[in-house]
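Got a structure for you, questions after.
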Amino acid sequence: MSEITRRILSWYGSDNPGTLSKLAALMNHGRLAGTGRFVILPVDQGFEHGPARSFAPNPPAYDPSYHFQLALDAGCNAYAAPLGFLEAGAAEFAGEIPLILKLNNSDSLYSGADPCPAITGSVDDALRLGCSAIGYTIYPASAARNEMYGDLRELTQEAKRKGLAVVVWSYPRGSGIGKEGETAIDVVAYAAQIACQLGAHIVKVKPPTAHIEQAAAKKVYEKEKIPVGTFAERVKHVVQSAFGGRRIVIFSGGEAKDEDAIYDEIRGIRDGGGFGSIIGRNSFQRPKDVAVKFLQKVMDIYAGKVK
Amino acid sequence: MSEITRRILSWYGSDNPGTLSKLAALMNHGRLAGTGRFVILPVDQGFEHGPARSFAPNPPAYDPSYHFQLALDAGCNAYAAPLGFLEAGAAEFAGEIPLILKLNNSDSLYSGADPCPAITGSVDDALRLGCSAIGYTIYPASAARNEMYGDLRELTQEAKRKGLAVVVWSYPRGSGIGKEGETAIDVVAYAAQIACQLGAHIVKVKPPTAHIEQAAAKKVYEKEKIPVGTFAERVKHVVQSAFGGRRIVIFSGGEAKDEDAIYDEIRGIRDGGGFGSIIGRNSFQRPKDVAVKFLQKVMDIYAGKVK
Amino acid sequence: MSEITRRILSWYGSDNPGTLSKLAALMNHGRLAGTGRFVILPVDQGFEHGPARSFAPNPPAYDPSYHFQLALDAGCNAYAAPLGFLEAGAAEFAGEIPLILKLNNSDSLYSGADPCPAITGSVDDALRLGCSAIGYTIYPASAARNEMYGDLRELTQEAKRKGLAVVVWSYPRGSGIGKEGETAIDVVAYAAQIACQLGAHIVKVKPPTAHIEQAAAKKVYEKEKIPVGTFAERVKHVVQSAFGGRRIVIFSGGEAKDEDAIYDEIRGIRDGGGFGSIIGRNSFQRPKDVAVKFLQKVMDIYAGKVK
Amino acid sequence: MSEITRRILSWYGSDNPGTLSKLAALMNHGRLAGTGRFVILPVDQGFEHGPARSFAPNPPAYDPSYHFQLALDAGCNAYAAPLGFLEAGAAEFAGEIPLILKLNNSDSLYSGADPCPAITGSVDDALRLGCSAIGYTIYPASAARNEMYGDLRELTQEAKRKGLAVVVWSYPRGSGIGKEGETAIDVVAYAAQIACQLGAHIVKVKPPTAHIEQAAAKKVYEKEKIPVGTFAERVKHVVQSAFGGRRIVIFSGGEAKDEDAIYDEIRGIRDGGGFGSIIGRNSFQRPKDVAVKFLQKVMDIYAGKVK
Amino acid sequence: MSEITRRILSWYGSDNPGTLSKLAALMNHGRLAGTGRFVILPVDQGFEHGPARSFAPNPPAYDPSYHFQLALDAGCNAYAAPLGFLEAGAAEFAGEIPLILKLNNSDSLYSGADPCPAITGSVDDALRLGCSAIGYTIYPASAARNEMYGDLRELTQEAKRKGLAVVVWSYPRGSGIGKEGETAIDVVAYAAQIACQLGAHIVKVKPPTAHIEQAAAKKVYEKEKIPVGTFAERVKHVVQSAFGGRRIVIFSGGEAKDEDAIYDEIRGIRDGGGFGSIIGRNSFQRPKDVAVKFLQKVMDIYAGKVK
């Protein structure tokens, strides 16, 4: 096992060997194995945004097998999806790639000011399907946050007892903040902190903007002159906010955009000390050979093989 | 076992042999045995709409035995009903036809903007009554959807452990969408996707119209030029939205209408690659001999015996 | 459903529809479907006698798939085997033939005067594997009989609650009787009665001889002039001893012997009102095409198609 | 995943994806990854024979870390040990090598004619420690066999539900057979069959001798002319006895002996179609560099790299 | 925390921080705090030998408070006793000294060849009383050993989950060995190994003699020339047998004897690398001031303050 992998594991001293072995599995698979960096393929958009919005741009992606194969071909660290998508391929691809079972999900046929996903899977499902981790979304800033935090607490406790890792998608959203605030640097940093405090091993946040949402925070950012001007600086601040860099923080890719814009973002994450990316639409909405090349270039940027 | 039946079973690799054998039982019974197509008789209208609205047009149908016999005589794949209706005939008809126990139901003595059915049976009831599957209704677009999804999750996990199949009625309804939206093509396709993601083996949706409800979806349908002009095209899109065709999707018959209109709809389902129909009011509200002939013609259309 | 099947089911009025449907499934599968007669393929000899003694005479039978296929090709009502043999084919053959999970088994590497099989499976295993019934062996006349009866009682209660049927192999053996007594007419009749009293739906006994083992019984057989001279008379007496013919009693084939001897025995069972046979070694130790012809002739004798 | 690995997984169709992924992990680790062959390091001798008898010949082996490192350095598929030995290194070596938790063990401070190991760990311990499989020893031919089979049954059911694999050490021993009988070809083949019928995924037996222990078996071996003259022929017969080759059978190394004798044995296992070896004393009682070379030569014989 | 304490804790990498903190508490209390050495006061003789045999030589010791105070005054690391004795003082002395709840105990009103203590407390009792560890006695060589090992396994799993440490008294005794064998060097070393394999954090054994009990062991001790001539050499061998020194092994004081003999024994334990002593009768059967002086001299020997 590489030095960096071992160092990262050392941050999780309260976890049992089962959970540590799953974290190691996530770090030791694929093209970035042993680098301490991550590129994870998440495909929950079918549930979250609907099938046409997710898969029509690249119709083979309607088939759940497609995503297992894409994650494998590209050399991702892991593949994350809701229950149904994992059930539809877990036997066929058993043992080929680490899996993360998303345990809660929101659809967009109903939406309110204060979102709260439904619980759609269990820790025992994760064991049954051979997953390495559970995934869970929280929406800090939603009036329903306490219900989400509480459910996460129970799932986390069970997952850790049963030797699984916990990945938390921490996306501030709801009546507590404005739209611009969802990606504000103070809010994203705060979201990372909350997920860590709730016991997450791996935290996924959105790429932060330079906007500062909360007045009380703004005063401190200004007084302490926290550098958040460049994207890399903001990433660095988010990573620092995740227990001084002692928790794995990865960044979502967001809406589909052009490749160069993404590569720049990846460089910013890398240079700011981020641990990697979780890239959904930007990978599975392109033709597979294009997506594989794209993902591998992202990995090569993380690995320092290309600038 | 026929080639097509075996291929369909191969899509459910995460399920145990008990569940697979129940799926096989549903596919191997009746006039459509071995074709991979389904016609299921559902009778939950007594609960959902009240007895007179349901059975007065054909009074013998007040008697629960009537429906077992109708499903048998017509050669349906299965008969689905709530607890009481099944309890009233399950011993007398034991072993004669696969049964599906509807585990939740709504009555119409109370109705709100955001419907949520009551849970009216259990997985152990399904075992006790000799059922092959549990049935469950979700209403995406209802504010109460998370409660439904969460309950379904627990029932699904238990049913799969105990060797039963899971049939989900996915009917968007509630304050999240308008009336026209309930059968909009984007919404129906989304409803199919949600049910599959929640772990359904068989999904039942409404026949979709050409209407597109959600603005975000509309953009994609237009940009990607998804063909939804004809009914068969829409069926094809819904089937594709159910894991690229790797989940069984069947269509409800909806309100009673004239036979020719239904036959046309069946042809559309068949030509679009739909797996079959679940036909309630259009069968049990006609005199039995008429209903049997009607259902058998529907089956013959599916089987390709008549155009 | 045939008249006779329906009549047989009527004897089991305390059972729930789930269990009745499994009994119906056993009666409605294969070449004897609907006749109320049974030919079941049991393959527990690998466990009971060791692999070479069981399968060397016909080496393809080492492979567990072989037996599923043999039972299917011959048109048996069901296939019965221990956990491992069923696990090795239950997914591949899901839904093709009713299965009976033998829940206890003895090996012959250890043997004492008072045999007691080990429990090797559970009712939940039976559900998981899609079985129609559990099977269980009791050895009346063993000092350990109470342990067997007690375990059976618990398994039977659970199986009936979960909608499964119960098949009991009732083989008197142990320090309570002599070797000749194991197949004595009074003992076999008594064994059938015990299994029925313990709640079995289907009882399997050995073909009885004219020997009468117990002095107290002998007096009655003589005084009441119970006819046990011919094999058919003895079968009739055993069937009568199983609740006046209101429980299904089937007969084991015993050690491999020549076909004509077996056909004669089958005629005796048929003429005495026995419900059928469970034929292991005499089928799977012959080449498959020979075995299929042999089993089908047995079925034809039961069905009255040949004399 | 290699063709052979995939074929082996296909034999376990009743298992969930979790268990399949653990079987895949065992087959895809180390020097023999992807060959369908196994060399496993087991170290339970400290418990079974005492520390001095086990570790004095190579004192660094008193330290539990030593064995994790040895298994890693040699490129074994997995390392198997009791609770204490795994607890003493599972965190330090998390994710480095598949682990098998031996759940029962016997010490030799007490010994009776009919051995029965103590249960010394649980399935939840295996999850907590990040193990891929549980291990369990049965002693067919012991008067206590039913207790062992019964406990194994419960552990197996739990392990399979929680997504773990099951490895059974099947060592006939006890008052049912003589000393010579413990390795007799008929007895070893029978032991393999019993373990498979009890639901084992991987079976470990002793290398069989040409002796035939049981009179009833001897008749069959002679009549059917089963070839058991050479060691490779005997291995072939044992593999055939394990469900016609559809279960993984590996062989123990037995007492420490000279290397050439072992290499010959390995060639016999390979040529007879055995799946590999579990080699304890012959590896950890040699100096580590010698042991690594020795184990790697064993692997190379299995892989066909050397004759 | 001292270097040595930290190093010792590092051997228990599979344990959660709760258990580690309790081990640290045991090492950081009293006169030997921070040295990695232990002197523990155990008082279970009232239960084991009866009150008069235990307390008549020093009547104040009938009062349970006496022992808490003695352990405190002497500066012991911990005080160990059965439920009743701890309940009688745990509130009064709350927070003053680490406590170990002995969870099983034997009285001597009944004795058989194969001893098996009664379970007399629970892990929840230990939490309720504020204990740092549970204590448990096993008697390897007893025919009842499997029952003891099995119960310990369950208690250990629970204690570790609930953040407690586990101390095992491993005293071979029973029909498997002779009286002299109970303290034979091979048997004591084996007893230490067994306790470690069962998951003990701290193992207590008897001071070993030079006698070797088991023939199979004797051969190895002679062949490998394991030095066991002096007491310190034997201690060293026992410590090595406890996972190469990576588990804490302490030694009982045995029957009351004169002080100089004990000091010599302590020097042997110290020089052999033993971790300390558990001294009952030799302390509480002396007047308190004498006992305190005696225990403190023992501690000073361990600490190297006196020769």
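Order of writing sets the chain letters: A, B, C, D and E. Residues in each chain are counted from 1.
By our rule, contacts are C-beta pairs under 8 Å (C-beta built on N, C-alpha and C of every residue); 3 or more make two chains touch, one makes a residue touch a chain.
What you see is a predicted model; the values in this text were computed from it and never measured.
Colleague: Quickly list, by label, the chains bordering both chain B and chain E.
Modeller: Both chain B and chain E are touched by A, D, going by the contact rule given at the top.
Colleague: More contacting C-beta pairs: B-C or D-E?
Modeller: D-E
Colleague: Rounded to the nearest 5 degrees, how far is chain C rotated relative to chain E when their C-alpha atoms are superposed?
Modeller: Roughly 140 degrees of rotation.
Colleague: Among all chains, whose Cα centre is located farthest from the one for chain D?
Modeller: If we average the C-alpha coordinates per chain, B ends up farthest from chain D.
Colleague: Using mean C-alpha positions as chain centres, tell me how far chain A is from chain D in Å, no decimals.
Modeller: Roughly 40 Å, centre to centre.
Colleague: State, to the nearest whole Å, the distance from the C-alpha centre of chain A to the C-alpha centre of chain C.
Modeller: 57
Colleague: Using mean CA coordinates as chain centres, what's the gap between chain A and chain E in Å?
Modeller: From the centre of chain A to the centre of chain E is 49 Å.
Colleague: Can you tell me which residues of chain D touch two or more of the remaining chains?
Modeller: Within chain D, the residues that touch at least two other chains are 13-14, 16-17, 90-91, 124, 128-129, 161.
Colleague: Classify the chain contact graph as line, ring, star, complete or other.
Modeller: Contact pattern: none of line, ring, star or complete.
Colleague: Using the touch rule from the top, collect the residues of chain E that touch chain A in their complex.
Modeller: Where chain E meets chain A, its residues are 13-14, 16-17, 161.
Colleague: Can you tell me which positions in chain D touch chain A when the two form their complex?
Modeller: Touching chain A from chain D are residues 1, 9, 16-25, 27-28, 90-91, 94-96, 124, 127-131, 161-163.
Colleague: Provide the residue numbers of chain E that touch chain D in the complex, in ascending order.
Modeller: It is residues 11-15, 140-143, 145-146, 149-150, 153, 157, 172, 174-177, 186-187, 189-194, 196-200, 214, 216-217, 220-221, 224, 226, 237, 240-241, 243-247 of chain E that touch chain D.
Colleague: Using the touch definition from the top, list the residues of chain A that touch chain B in their complex.
Modeller: The contact residues of chain A facing chain B are 46-47, 49-53, 55-57, 59-60, 62-66, 82-92, 105, 107-112, 116-122, 124-125, 128-129.
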